[in-house]
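Right after this note come the structures.
The two complexes that follow have chain A in common; it is paired with chain B in the first and with chain C in the second.
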Partner chain A sequence: MKQHEQNYSRSRRLKNQIKAVVTNPYNVIVLIAIILLAYLIVLPLLDMLATTFQLSQRDLRATGGTMEDVGKFTFYYWQRLLASDLSWNLLVKPLLNSLTIGFGVSVCAIALGSCLAWLMVRSDLPFKPFFSLAVIIPYMIPSWVKSQAWLSMFKTPRVGGAPGFVASMMMNAGISNEVIERILSPIAYGRIAIIIVLTLHYYAYTYLLVSAALNSINSELEEMGEIQGASKTLILRKITLPLVLPAMLSAVILTFSKAIGTFGTINYLGAPVSFRTLSSELYSNSKSQNTQTAFAMAILMICIASLSVFINQKLIGTRKSYATVGGKGGRSTPIGLAGWKPIITVILFIFFIVGIIMPVVILIIESCMLKEGTYSLSNFTLYYWIGEGDPNIMEGVPGIFKNGNFKLSLWNSLKLTFVNGVFGTIFGQMLGYICAKGRGKFHGRLVEQLVFIPYLIPSVAFGGIYLSMFSKPQSLFGVELIPALYGTFALLTLTSVVKHLPFASRAGTSNMLQISGELEEAATIEGAGFFKRFVKIVFPLSKGGFISGFMLIFVSIMKELDLIILIMTPKTSTLPYLAFQYQNQNCPQASNCVAIVMFSIVFLVYALANIFGDADLAKSMAG
Partner chain B sequence: MFKHKNWLAALMAVVMLLSLTACGGKKTEEKPAETPAQSEQPAETPAESNLTEWEQKSGIYNTDETDEELYQRALEEGATVTLYSISSRCTKVADAFMAKYPGLECVPFDISTNELLEKVTREYDAGQHVADVVHIKDQDGSMYIEYVQGGKFYNFQPADIFSHIDPEYTATATPLYIELTQLFYNTEAYPDGSPITNIWQLTEPQWKGKIMMQNPLDNLSWGSWITGFCVGEEPDRLAEAYKNLYGEELKLSDDCENAGYEFLKRLHANEPIFTASSDEIAESVGTPGQKDPPVGFCASSKLRKAEENGWVFAPVNLEPDTGIPAVNTLYIVEGCEHPAAAKLLVRFMMGGVDGDTSGYKPFNTLGGWPVRDDITPADGSTPYSEINVAPFDANEIYVNYNIVRDFWQKLG
Partner chain C sequence: MSKIVLTNVDKFYGKNHVLKDLNLTIEDGDFMTLLGPSGCGKTTTLRVVSGLEKPQNGFIYMDGKEMVNATEAYFAPPSKRNLNLVFQSYALWPHMTVYDNVAFGLKIRKEANDVIEKKVASALERMQIGEYAKRYPTELSGGQQQRVAIARAIVSEPRLLLLDEPLSNLDAKLRVDMRAELKRLHHETGTTIIYVTHDQVEALTMSTKIALFRKGELVQVAPPLELYDNPCNLYTADFIGNPSINFVKGTATVDAAGMTTESSVGQITFERADMTPDVPQNGKLDVTLGIRPEQLSITRTPDDLHRIEGHVYSGMPAGSETLVTVRVGGDMLTVKELGSTHYNSDETVYLGFNPKKINVFDTNTENLIKYCV
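Now for the complex of A and B:
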């Protein structure tokens, strides 16, 4: 009898447990999210993986065989990549270069970004509003603009063309070409140049993450240390640093992955000295139609990045992050810079002028030059902006504001960025909620890993796979789930949203982490259900974060080309496509004009959001 | 306990995924069977009974229709045609086409080679017949061997136009115009003519680190260009040029099968400077006011930019030759919904037969050579027959492309 009773209660307990799990909306949402992510991210990844094991027609030449063998299982590509006499030049050397770039950029960007963040948040630096607006401009301007600016500064005579500013100064001083070459070449091209230029691009991530974390520190903690007699460095080391460490590690992941995955800057500054990384090999192979090898490389890069996410999860563990939206108030007292104040201010001004304002100014000046590289007043023109179509300039193509396509592209770009921004943000916040509440648990870690994958799938591959997947109706066990989406705006939105989920969900995670669990717990005790809590507590408190997350996606979709060009129909044109067309027509000036328009829109939207919407890119990325 | 459930959920997700991919896998395997194998000579019409439904309906092998007949049928079948092109000039072609054939709409899409192939293949495989006509270059022979012989693209070669074209170009492709990769030098620094006339001079020590080009690993066109030196009769030509220059036989290194590989090996050893784009090369070589400018290989089409940019450079007519030509080609896409309009557009772009060459004009510029004997090249062009060009054999390039690319990769 007793035995029976125990069984009864055990089975009842189990039944109740199952009931609790199934009826809890949170679990249902987690399940739906995992299924969707598996379908939208893991499936394309598996598709890529499968491709690397299928023999393509192109490689019948090397392996022998007939048309019958096309699509058959093969180890040819992995063997060629990992264990052949090509491996050293195709994989190992570029991989080592990638890693040095990744580590170099991470270290420099974290150092620079953290210093700036500390100065902006915790010190009594003057002109803070100006600095904090200027400090994220690098994230908005394309990295090739900075590469171009770098070369116009340091280009040496050996590569021909007009020498860079420094080189021509040295030439005027009577220094011989060989000496100039020896001094400038290591700075102008290759590893050092790439690390510096990428650092100037990606320090923005660290700045955003770390300043958000610093913002949330109650200065009482530091003051407590001071009362106990700790020195300033000890406080920094023992109190401040541990508190911002999670944010720094997050920044490392974003920076490191982005630095090993980027191509433009590395190609631009690395090519003259044959400095190649895994990403340059990936793009070269892709452009040489060696799709399988390119995919295999992309998968290796995804593995490296996943490893860094995994290490990050292990390092931070289940440790709680610090909720700032809670029941208690906090305050922040700026720390005096004392005698250092003027010096630091001047250094910052110089930094902003050289590193940020100059590339923008160069871009604007170049858009107004009739001929490239001729610096005279008569060479200045507004033709590329408002020209009517002179057959002697640009093969008769009119300036951008007279181009019928411009308005259409502008409209398409705005529509795309706003719609995708809204959808991306909503999904990002949902996923962020899961990552935040599931922190340290299996499902939270799984979602965090899954969401990160699209970050490193090359856009052309990602766009191509989506084009194939959704050009036909999608069905499961004979039931049609999704109709064919080819050529629809829905497909463009779906593709862009998923590709940009890593940003969106990271913004969401930090946003949700700021909301203390005690608020929700209090509501639960009062009997509020999941949806009521979400609508009445979580959503209102995270409104600001919604806008910030929106901005992050908005900025990156505005710049997107490779992904969208595959999905769009010939009649949909966007601003980056227009810039590409002008570049193709050998009109870099007009292309610059479009880039300036894009930059202005992004900046305008950001400034408006900053003024009216309580948005702050910084607040949206910590976590 | 809870952990357990999560694992279960994950396992379920994986199982579902596997079942999904299993379906996906089958689909891709079936594909090759769906496309009928093409006969070896696509230009010849297969027997009536072997035609696919689309081939019959579109009359793709019928090359006798006049422009007027095609125009009428184009108006009936939908009055629109879509052109995917690697050239920005496709917009001008489309405008001229619509001006000549009122009522027809021509949608041009300017897209780079890699994306074009990815897009058109994915769309084709998914049954989305968007592109009617494709303008691309067959540089490595893959257009012919994979796309034409694979039944995805069709060559359309009406006799009235093609009687004006050298059959050397028409065996595997419908050629539109020819571009070259040429060596350029700075005419201001070398007023007496090019410092280099024989291609082997590029392997001499005084040009170390002073030759600009794009990395052949970077894309299909440069990869095909270096392949061109290693196949067919080109290695013999190179060996002979070597003997002419130095008066002695060329000694091959152990890893070099022929003079082509030897040339590539020595060129690579001379540390050429690679750039991210062809434009940069033209600028590097052609910028005036340089004391010791480099020489550089770049696309002949940069010639038409020279005046606008104030570049002072000229191409060299190299011994034995400047490598293989890059032939721009046109194809009609299998299964396209506007075959008559597609045929009309191809005829229009090829220059037609009525003397109106407005469809050809945008391409007939300095640095591009027409393939038709009845269309004169742009003013100031060197006649194509006077330029030393390597023979182009699509099959040879296709078979050797990856071998040569790997050879270059192994060099470092």
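Now for the complex of A and C:
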């Protein structure tokens, strides 16, 4: 022992320690990841917080300050928002609306999604291949497109433009406008309409998460209950439900935070009756340069989302690992629906026809109608698709396939989704690798937490922060790191990649966790370095996950509106934004055409990835 | 060929102290088995030697070369230690063929293609799986996968081969076959082998030395038969041997001539020469007699050698041998008799043994105080 102590040298120890850290690419990558995440996520958040305490020039008159007070610390914005005469209209009412929407949508979507998941995975429902495809489609149709379809169906004559399908039917039946208004208005606009449309959109999350959890439950667990003499409902309640509860609770936060953060649907269905939520207030404040108020609202929304996550984690507690109770083989015997089978099948068919197929069909029909709401053969036209530009229609704007704006938007959309898909997937998988390898270690937890933050920031607010932060050049110690990105494609890409990191890295983590550590260790023993291991072992084994990760990002960015709506400039316009603009200019037909093209692309990519890539959306979501 | 020395090795996982001041020397050409129940630190020891884990304290030398010096934070990477490892799960890369799996390490070392081909072919031949070279691991049976894993480990002719419970995923018959094969492999290559198992039969039949672990500490390091005949304490005695050793509690009086014990198996006198240094010079103490089942003989009628009366609790004939559990006083003794004999429950039988062949332990210190000779 003496001899060893003599060998001890502090400098050699330090040298070895530094060498070990620096020569290990894993450490370097973790370090870079943490720095980047801090810069792209934490800093903007702090910046946003600081902004809400700084007086801006435009509010000088209201506060009675002079030019010298600009940028000084002030409670003005918070006080105005939280404790002034304006609070009720500015904050409390929209907040209550947001919360009712959030709760309403969560409850309905979880119930619907879980029932569908159970029927699809565990019951002997007929036509399963058809249903399981149909059930995914809502995920591919953006919620604002559904709102558009909803309007086409129920729009009342009062709000500018032509009445919707139902209203025209009623008018043809000789019912007076006032009666129509009274009957249809509560359905067409406002709270109920928004909850229904968002439920039809967000149940897909629950469906994907819960069906993945159900798939991982060995049916022997349920059979054991049966042997003990439990009835089917008792088994469902006492065995199945507790096992999928963690997945359902994850679906709740996902749905809740998405529902309170959504903007498109609120704008379509809420605006006609002045139904405002926090997110639509945030948008209009942002648009009218009320940045400080908008950011303060965003912070409140982040707090609500964080609170929901916190409650969720308290509820799940240590049960998180349930989903992995696989058992051998995971053999699954479907449960008989017996006499209920035909009834349930019919209900499902009706649901799919009304809830999914009809909106698409309405959009297609409407896109071919010269004038909305006039259901006669002579009114059908392909003008909005291929028209050359008639000064009497749409102020002379030609049909979308002859329209330079459309071509630019299509190109932008494809470029954006592709670039984002590639970068997002690569970063997501790398971060997933760090989270998976660093499980239970400090750096793993840190990365996991950092990556999760964008999830809590409402899309509209996220776009707003990035707009304000990257509109001016970013410099560090006087060195310009990033030039001003306003109106560039780069800003669009950066925003989308970072906002989608939580999803991408979750997909990456679950993907990487499937690769046993020993496979990599075996390569370490053989002398393979970090990059060699990544290229030869990790990447080939996680190819499937890469493809589903790519698809997940592709699909969600293709239809993204809320996130990029504030950043858009005519040059960088994408398909969803173009559709949004057409709708606002009261050209729903052209808007429908754009939406249909977009939906077709999403569907095509999904089908291709499914056929060739063996990729599964559910797999990459259930992280 | 390789001599491995571990000095004062400590390993923590968080607050969990997994290896406690471990000192172990593995001689060149040894087949050293690390044996112990699960969670005792044997796999951790293996991983520390391999370089996959970094110990917090201690030193590791291979052939006199420093591989680990924890105080100076020096840890040679696994690839610099000239060793290879067979994982319990085999860890075959599912996206590579058998050939590519085995050739991987050689390719990393940038050996010439024809050399790689020759070496891989010879390794596969040695493990008798040459015909499966083009297949993927999932297309092979468990036993064949095992052979691929071993072929991958020996293809680079490592000086040290580490095996982590390699046979635990095989069925009973295959396990016996592979045991013979591994022993043969050790003999032919002369490689130093460290073998981790919780199966004492594997340890006893294959190793040249066994290191027995308990809760992160080494209990005894000895050749298999020595471990079996003279376990250094009650823990080792109980762990080694199947069926387990019989323990009989009693009291002893020690004097200059030797030791006399009093227990349910009667009064027995032992010579001073058979005592270990752990025995006190004189006085009384509580002892535990350790009697292996095969050292007990059984008859239906008493004679000079069979004086201990007992009653059969249960008899279990198994063809080549019969295990009989006999109640003697308050103790239950298992007797192993060759051939198959039928005993009725509660039948009166008589037992005997050669006192020279049994162990005696100090009940308080649990240490061996009388050798089996």
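To be clear about the criterion, the second predicted complex is superposed on the first by the 384 of 623 C-alpha atoms of A that agree within 3 Å, B and C clash if a C-alpha of one lies under 4 Å from a C-alpha of the other, contacts with A are read in each partner's own complex, and residues count from 1 in each chain.
In this text, a residue touches a chain if its C-beta (ideal position, glycine included) is under 8 Å from a C-beta of that chain, and two chains touch if they have at least 3 such contacts.
Note that the coordinates shown come from a computational prediction; the quantities given were computed from them, not determined experimentally.
When the shared chain is aligned, no partner comes close enough to touch A:Lys407: not chain B, not chain C. By the document's definition of touching, of the two partners only chain B reaches A:Ala62; chain C does not.
Once the two complexes are overlaid on the shared chain, A:Arg182 sits clear of chain B and of chain C alike.
Within the superposed three-chain model, A:Gln17 lies in touch with chain B and with chain C [touch as defined at top]. Counting the residues of chain A touched by each of chain B and chain C gives the higher count for B. Once chain A of one complex is fitted onto chain A of the other, the partner contacts of A:Lys238 are absent, as it touches neither chain B nor chain C. Once chain A of one complex is fitted onto chain A of the other, the partner contacts of A:Gly527 are limited to chain C, with no touch recorded for chain B.
In the superposition on chain A, the residues of chain A contacting both chain B and chain C are 17.
Listing the residues of chain C that touch chain A in their complex gives 7-8, 50-52, 59, 69, 71-75, 77-79, 83-85, 87, 89, 91, 93-95, 104-105, 108-109, 152, 156.
Contact residues on chain A toward chain B in their complex (touch as defined above): 17, 21, 31, 34-35, 38-39, 42-43, 46-47, 50, 54, 57-59, 61-62, 67, 70-71, 85-86, 89-90, 157-162, 177, 267-268, 271-272, 274, 281, 283-284, 286-290, 371-374, 392-393, 441-443, 446, 460, 463-464, 467-468, 471-472, 476, 486-487, 562, 565-566, 569-571, 581, 584-586, 588. Within the complex formed with chain A, the chain B residues making contact are 1-3, 5-7, 9-10, 13, 16-17, 20-21, 24-25, 28-29, 31-32, 37, 82, 84, 88, 107-115, 117-119, 122-123, 125-128, 130, 140, 142, 146, 150, 186, 209-210, 212, 215, 217-220, 223, 273-276, 279-280, 283-285, 287, 289-294, 296, 305, 308-310, 398-399, 401-403, 405-406, 409-410, 412. If you check the complex, the residues on chain A that touch chain C are 1, 4, 7-9, 12-14, 16-17, 20, 516, 518-519, 521-528, 532, 536-537, 540-541.
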